[in-house]
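One chain, chain A, links the two complexes that follow: it is found with chain B in the first and with chain C in the second.
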Partner chain A sequence: MAILINLDRILDERGMKSNELADIVGITTANLSILKTGKAKAVRFSTLEAICKALDCQPGDILEYKAS
Partner chain B sequence: MNKNSLLNIATFLCKFINACLIIVLLILTVVFIHFQVDRNFYKGWHTEKPIKGNSIQFQKTYGDEVIDPDKIYITDWNTGSLYFNYFKYVGIIFLLYLTIYQFQKVLKSVKNFETFKTTNVQAFRRIGVYCLIISSISWITDWDFNNYHVSGFHIDFDFLIISLLAFIFAEIFKEGNQLMEENKLTV
Partner chain C sequence: MTTSFKLLKAILSIALFFSTVLWLIFLIILAGILLGIDGNFGLERVAEDLDLTSKTAKLALVTYVLGAYAAIIYIINTLRRLVKSLDSGSLFTKFQCAGFNLVGQLIIWLVILSAVAEFIMKLIFASRLKVETSFPDFWLFLALGAFFIVLGQVFEKARLMREENELTV
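Entry: the complex of A and B
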């Protein structure tokens, strides 16, 4: 997929673990894994907002477009 | 009437019809075998001319047995026609059983809130194929008795329409499955 998810990098920078983020955002670790591995078909604005709030970042820091 | 009780009634009806089909199949087979072993047992069983469509209704006259040339007697049934009709109806009953079994599987998945599973798409496709085969089997008629013979070809639209509906449902369920997958992969 042309949209890349840089969640792992941001998590590393913030020193946060996946399950911690999942707890804060209020999604399951399985769903977070779907997002991280790029299997997700769509991301809700509410989820994106919660992730940005938890990681103190912009949506553009998490999502990246790469022409395939 | 809530969803579950409706589904329970439908499931019960499916089970009941399937049980009836098995009983009919057994009776048909027993009569088919017995007819060949002891044809005279069925002496007096007859039907009226002409035989329309696929159905035939035999009845027995009690009392004085006078051979009526206008009647068709079961003992005069040609062996080839007998075998053809036996296998034709056994095939139809068996395919009906499979169709209802597939429908039962769909009902079960709806009950378990797994309506748009890929197995349901396959089930509806199978129902479509079974009904198509039933329809094509029903097209051929062959009743052959010593004093009367009718064989022909007629198009039966009932199962053809059910088959078409089943294929349409399969496509609808396929769309539903895609939407479900998308929804499942929405974080």
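Entry: the complex of A and C
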């Protein structure tokens, strides 16, 4: 997919674990894994907002467009 | 299991049983004709319009009925498996989408081929040109086949929507 998810990099930078983020955001680790691996077909604005709030970042830091 | 599912499964099981029995009877009749046993085997009831005096006419009729019943048995069995699959609780699976589509296509092909076979047999064995596409038989089953195909497409769309929903974070 042309949209890349940079969640792993942001998590590393913040020193946060996936399960911690899942707990804060209120989604399951399985769903977070779907997002991280790029298998997700859509992201709710509410989820994106919660992730940005938890990681103190912008949506553009997490999502990146790369022409395939 | 709901009552409607039970009823549908029972109806399909009965239909499958009788279709299989009839198919076996026609298989025995075919063997009888091939072995040269005389008699009409009650075939005049199956095709009242046909002149069943020749062996070829009987063979053609029995082969046609055997083929048609084989397709009917396969359709009923697929429908039974579909009902069983729907009853299991998992909806919009790939099997259900493909199953409805297959049943629809088979019904349409069976109806068209039956009409063509009937026309050809009447033309050859009764020396008569007559096209019969009466509403209850031909058009109704054609519509039923098309309905199953539409149902298959609806299920396919629903499956994709469910997949998208499951992969929405």
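The rule we apply is simple: the second predicted complex is superposed on the first by the 68 of 68 C-alpha atoms of A that agree within 3 Å, B and C clash if a C-alpha of one lies under 4 Å from a C-alpha of the other, contacts with A are read in each partner's own complex, and residues count from 1 in each chain.
The working rule: a residue touches a chain if its C-beta (ideal position, glycine included) is under 8 Å from a C-beta of that chain, and two chains touch if they have at least 3 such contacts.
Please read these numbers as outputs of a predicted model, since none were measured by experiment.
In the superposed model, A:I27 makes contact with both chain B and chain C. In the superposition on chain A, A:K66 makes contact with neither chain B nor chain C. Legend: residue contacts after superposition of the two complexes on their common chain; A:V43 is shown touching both chain B and chain C. Within chain A, the residues touched by chain B in the first complex and by chain C in the second are 27, 31-32, 34-35, 39-44, 47.
By the touch criterion stated above, chain A contacts chain B in their complex at residues 27, 31-32, 34-35, 39-44, 47. Across the interface of their complex, chain A is touched by residues 163-164, 167-169 of chain C.
By the touch criterion stated above, chain B contacts chain A in their complex at residues 181-182, 185-187. On the chain A side of its complex with chain C, the touching residues are 27, 31-32, 34-35, 39-44, 47.
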